[in-house]
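One structure follows; several queries about it will come next.
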Amino acid sequence: MFYREAGQFKDNYASDQALFPIAQDRWFVMIVMGIAFVIVPFYIDDYWTNAIMLPFLIYALAAIGLNLLTGYCGQVSLGTGGFMAVGAFSTFKLTTAFPELNFIIVVLLSGAITASVGVVFGIPSLRIKGFYLAVATLAAQFFLVWMFNKFGWFLNYNPTGQIHMPPREIFGVLITGPRAAPEVKYLFVLIFVSLCALAAKNIVRGRVGRSWMAIRDMDIAAELIGIRPLEAKLTAFAVSSFYVGMAGSLYFGIWLGAAEPIEAFGIEQSFLVLFMIIIGGLGSILGSFLGAAFITLMPILMKNFMVDGLGLAVVTAKHIEITMLGVLILFFLIVEPHGFARLWQIAKEKLRLWPFPH
Amino acid sequence: MNPELLFFFETVIGGLMAGVMYSLVALGFVLIFKASGIFNFAQGVMCLFAALALYDFMAPGGWVDRWFGFTFPVWAAIALTIVVMIILAWLIERFVLQYLVKQEPIILFMATIGLAYVLEGIGDILFGSDVKPLDVGIPQGASDWLWDNFNLYIEKLEIFAAATAAVLVTVLAIFFQRTRIGRALRAVADDHQAALSVGISLRTIWVIVWSVSGIVALVAGIMWGSKSGVQFSLSLIALKALPVLILGGFTSVPGAIVGGLIIGVGEKLAEVYFGPYVGGAIENWFAYMLALVFLLFRPQGLFGERIIERV
Amino acid sequence: MAQDKAQTGNGALLRVNNIEVIYDHVILVLKGVSLEVAEGGVVALLGANGAGKSTTLKSISNLLGAERGVVTKGSIIYQNESVHSLSPNELVNRGVVQVMEGRHCFEHLTVEENLLTGAYTRSDGRAAIQQDLELVYKYFPRLQERRKSQAGYTSGGEQQMLSVGRALMARPSLILLDEPSMGLAPQLVEEIFDIVKRLNENEKVTFLLAEQNTNMALRYSKYGYILENGRVVLDGDASTLLDNEDVKEFYLGVSGEERKSFRDVKHYRRRKRWLA
Amino acid sequence: TAYELVMPSLDYRTGPYAPNGIPFANGYHDYLMMLNGRDGGIEGVPIKLVQCETAYNTKQGVECYEKVKDTAPSRSLIVQPLSTGITYQIIPKASVDEIPVHSMGYGRTSAANGKVFPWIFNFPATYWDQAAVFVKYIGEREGGMENLKGKKIALVYHNSAYGKEPIRTLEKAAEKFGFEFMPLAVDHPGQEQKATWLQIRKEKPDWVMMWGWGVMNQVAIKEAASIRYPMDHFLGVWWSGSENDVLPAGDGADGYLSGAFHAPGDTFPVHDDIKKHVYDTDKALGERDRIGEVLYNRGLIAAVYATEAIRNAMKIHNTKEVTPTMVRDGMEALDLTEDRLKELGLPDFTIPVKVTCDNHAGPRKVAIQRWDAKAKKWSMITDFYDTMNDIVDPLIEEDSSAYAKENNITPRDC
Amino acid sequence: MDVQRKFGDPILEVNDISLSFGGVTALENVSFDVLEGEVRAIIGPNGAGKSSMLNVINGFYHPQQGMITYKGETRKQMRPHHAASRGIARTFQNIALFKGMSTLDNIMTGRNTKMKKNLFWQALHVGPAKQEELEHREYVEHVIDFLEIQAIRKTPVGRLPYGMQKRVELGRALAAEPELLLLDEPMAGMNLEEKEDMCRFVLDVNDQFGTTIALIEHDMGVVMDISDRVVVLDYGKKIADGTPDEVRSNQDVIEAYLGVVQDDELAASQNN
């Protein structure tokens, strides 16, 4: 009823292949973007930026990256933390070595460097599959983090093994460091993430995306109909790592400002991003956002609700929060194993039929 | 003995022993994977949970003590913990697995992560997060006999763990390969729906394997708990078991042991002989790299079932 | 429709009353299907692709849950008892076994282990099981040759034999056969239906079979239902159906007198449908 | 409504390091609650303790910091990040937000330089001081610094920023005194240290130092006992010297040494006040029999420093409604004399502390305590040692000026 | 057969192929050829090695012995994607569609080898990449029209009934504009009506595009009607090769495969 497609005719393939072929979707997205770009910046403060919006957006970017690899190409990776570290350390080395370099270029270059590292660690995927591959990618995770932690060069010989983001401007506006205005950081990340999401969407609906999905769904058949597994898997690793690397770059450069390899890019990070895409929906860009929102916001909301709202002791609240997070994950998996994105889709289908059940 | 050679031996034996300790954890993974195709991420937390429960039954100040004013002797506490693990398995089946029949492996994997959170939270709420020194009477410290006679340093606890692991593996391997239930377990791992269609009750099977792996988790929890006290970090040993798991093969009980031995020896030798040149602390990634190298030659692990590729 | 034409009095072993099935919350697939299977009967379930045959069988054996399908309406009565809420294994224990479409074998188990797994619910001793194993091997000698191979590596037809053989190992009283002849060589198709006939006559096993090979199916069964678009559109004794003009034209390919060559079909036939 | 003094506490009562985080947080909490109960707060102004759980995780720490920093009515007067990682994170932000941070005995060592880090405090001592004191102590035990020559000293460290802190100092000291320095990293969480201790067994270092945290401490002490390493040659940093660390090793841990800048035990008058005003009134979060544990007392002394700074601020600015900026002034004017400690119910609990504008690390003195496994008790066995200024000071200077340069900070005049 | 059909030179020759897995011999010294433009059937009992033969032809299995000549090029084995890019497409016995994708996307993958625009352009999705995408979409729509599956264009294939999936699979193979099309039991699990449709598609592809077809099928009616020549395998060996009529009357074939000729359909088609 509300969500009616009837009457929306498409008279050429181009419009059928548009990003949001249905008008309601288009409107919805435009409204969301409008709010995000125009309204939010006026209201956002330090807390909302640093505790909520930046982590959400940056994790969403990482989740898109991992989703390209895992959700679209079917290669489960637990090396996300390590690849984010590559992005972060590239950013650190690049900005300190070339202070004049535009930060946008720094982020892109960090992505590119991560992509090349990703390709190297993607090579085993040609032979190793499924959970074997997942566990094997932990080799990348542990090795990369160890390497950054170990060799002074990566840390500019800082004796304590921490890296710091020096303050940088783009077009005369301070963008990194503690003095950068929250709305500036937010908008910068928002623009970046939106463009990346759009590019990701474009990739997955084109030839490359289809060959990834083919590999995911049945790699042998894909090979037999002429998709080169080598090419498909390695591009997936490259593109995915590119995204994850950029996320790592923003994560360090804009959000945290300082990072220690083992703590900031540990294996928890890898798992966190993996949760996001599974809960959000494998093989869905929208799902990456929903998953990131759930995993980053849910604990905070629960905590604030329990501590500020119910007045529970902090520690009790934390224990309940952990338990509840687990329960919610299980609950949503049982309700819809294919994540929020699928839930959203079902909701749309129901809306389309409403008020009839079928 | 030549001190260099002695050191080499010690490292190798130390590695073997450490490997056995990893194997104990890996074994729990293998059981569940083999029997249901689920990569049970909660295994580490299950070890912790079992050890916490065990401690609570035995130690002064626990729930039992507070409510009833007495504590159980070790054997009774172990028996009771086994009962707890079986109940836990039942609950897991009842509230989670039942609804996830025929889902993709990664979804099931995610579910076990959710489970890990729940267990962690509940464990914290129930038992608190202090370090709890666990003593079930397993001998501790270096073996004096070996020390005095051969100048060899081997932990008694680890010798004990190795013996336990050997027994466990033998029993489990026979169980899987030879019994009717064992066959059914493997069938379930292959195809949930087809298993249902021949009358295998997934629910019973799942309760059985999760119970068994709960018991294995208890064994691992006892060993690791005796070694480093019962505390949250215990759940992180799962990460040490993963390379063992892929090297041995997800589906092989003996693989868990052999994998453990190889990883244990490999990482210790690397750390001791190669580590100093690159700054040390290479054990962790080295274990994974080692497993990775083996996998490149055998993508299903040393003893894993061949991955069937057909059209 | 089914009720008034009940085949053999009131001795219906299985009665499906007006069931509705929905997949994935939104896809309505069965829109009120009723059918009845008499004790000792052989009933054929016919219909085009996607008519809902497999879905019907799966709702009887309760295997729908695994595909996120649910029976939302109607009832399923087996031996005068509602089995709607029983788990699949309880059904197997009561003698209802389904052979699923598309050869669901246990890939990593050997052929013989697959067969033995079929006897999982039985408790009448090793000897009896061994005997049945021999019997299955007698029916399908090819399986005996390949008994030590992993099922995942056997050919399509071998897997098909295996899943039929596996069902037989359970010694069921009602077998739900979903496209048993698919992918089998002609003489084996014959063999399969022979087995159906023999088991039905000698061991009083009841069959409900979904088949595309209409001709065969109707020749070996006593009663038939034709499903279209999730509804039963026609049912009757096998012989009556065989004589029905529409059935002849659309399912048997005999228009007028004789069968046409596939090569001579020069246009896609606009099918006549009983129900849209 | 009445003015309240907002004092956040970023605790970690969950996660792998909870066993250490809990007693510290309890000590901090209990002292403040005691003040509220006994004196109605500081100079009659009640304290509002804002707890936030970080699980020792940097990202959650950032969220916590942002959440608590503007708590009404006074804003956060002083933040205890309670983790080296979180401290590093907060240093630049707090400097912009103008909120004093006290990373007591952890965090960034070069924050000792108040000229570059006006908002960050790390008194009474830094890791580099601790390392220097260890070297001094060893020298003393060896019968003179000159005897260090040719000795072999190992460092078993947590492979993180925290664990790596002492390396530079020890390297410098090794250069100066001619001992052989042997760093051995242990990865988080540190349950398996076989390789490390086999190496120690083989290399037989004369002394072993440890910068560990969490389960790593317990395992290391057990392993050391197993390889029969003499416990009185095994020295842990002050974060490796709590009851939690030694108890699991049982008798094997007897004689183990660790650094400390305050006394253990619950025998001080302040503890009685706490029992009376907090435990008897059911305001406590912990258990009564754990009062006086090493980490509990550490939390307590942190609270003492913070509240004294606030009291100072009130005095200096002559107002009860202090702001973070005023508290910073109070910190920089902190002078906790022996007499004052006695007044506070902490006689001989620790050494006097004097903080100044350019010295944010205070006295920089460390004592050594020893574990008695029979009595299950820690006891101080030495006086407080001075740091080695000739080694540590240049390092602080170097590191802080590098930071200043990187972040375009002009050091202020003091 | 009313019209005399004309065939070109052999597009494919397999020579003396032997293939075994451990102890199991799947193929033993099999040789035959496929002429350009013909419909070539491969039949034989279950487990005879038919599917294995197709797997050898498009490079999934590597025979221990023997040579394959395709379009004049002789090699011991093919690489699967090489085979695909040289114009060999196929369908599979156990449907091998990409379950998570829609019908349209599945068929679009068939055109993968023909699409060239690089990742960068695709990420932007403007200009050449979009152009290319639309061109191929148009071709795919032809295929969809041809197979009459317009209605399920956007449905995920996992939800489709068996018969439809087979059709989509054929569509995917056709989208590659193959010169040689290998079909593994395309009509299994279909009812008569659908088989007729499928035969029609096969013959039309053969007529309209001149695509050479090699097909495995157990339905003798279909095989006898639409194929030009038939190879019969049994236990990995070739036991007969010839026109349908020759094969049908071959005693070996009757014994090994057809059984006693009693099948109605067969009888019926003989009457024809």
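Letters A, B, C, D and E name the chains as they come in the text, with residue numbers starting at 1 for each one.
As a working rule, a contact is a pair of C-beta atoms (placed from the backbone, for glycine too) under 8 Å apart; a residue touches a chain by one contact, two chains touch by 3 or more.
In this text, all values refer to a predicted model and were calculated from it rather than measured experimentally.
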In contact with chain B as well as chain D, sorted by label, we have A
Count the smallest number of chain-to-chain hops linking chain A with chain D, moving only between touching chains. 1
Look at all chain centres (mean of CA atoms) and spot the one farthest from the centre of chain C. D
CA centre of chain A versus CA centre of chain C: separation in Å? 47
As a quick test, compute the distance in whole Å between the mean CA positions of chain B and chain C. 44
Distance between chain D and chain E based on Cα centroids, please, to the nearest Å. 75
Tell me, which residues of chain A touch at least two other chains? 220-221, 224, 319, 322
List, in ascending order, every residue of chain C touching at least 2 other chains. 24, 27, 153
Junction residues of chain E - those touching two or more other chains: 60, 92-94, 96
Which pairs of chains touch each other? A-B, A-C, A-D, A-E, B-C, B-D, B-E, C-E
Any idea which chain B residues touch chain C in the complex? 101-102, 180, 183-184, 186-187, 189-204, 251, 305-306, 308, 310
In their shared complex, at which residues does chain C touch chain A? 22, 24-28
Give every residue of chain A touching chain B within the complex, in rising order. 70, 76, 124, 127-132, 134-136, 138-139, 142-143, 146, 150-151, 220-221, 224, 267, 271, 275, 278-279, 282, 316, 319-330, 333-334, 337-338
Under the stated contact criterion, what part of chain B meets chain A in this complex? 39, 95-96, 99-100, 103-107, 109-111, 113-122, 124-125, 239, 242-243, 245-246, 250, 278-279, 281-282, 284-285, 288-289, 291-292, 295-296, 299-301, 307, 309-311
Show me the residue ranges of chain A that touch chain E in the complex, using the header's touch definition. 13-14, 17, 199-200, 202-203, 205-211, 213-214, 216-218, 220-228, 235, 239, 283
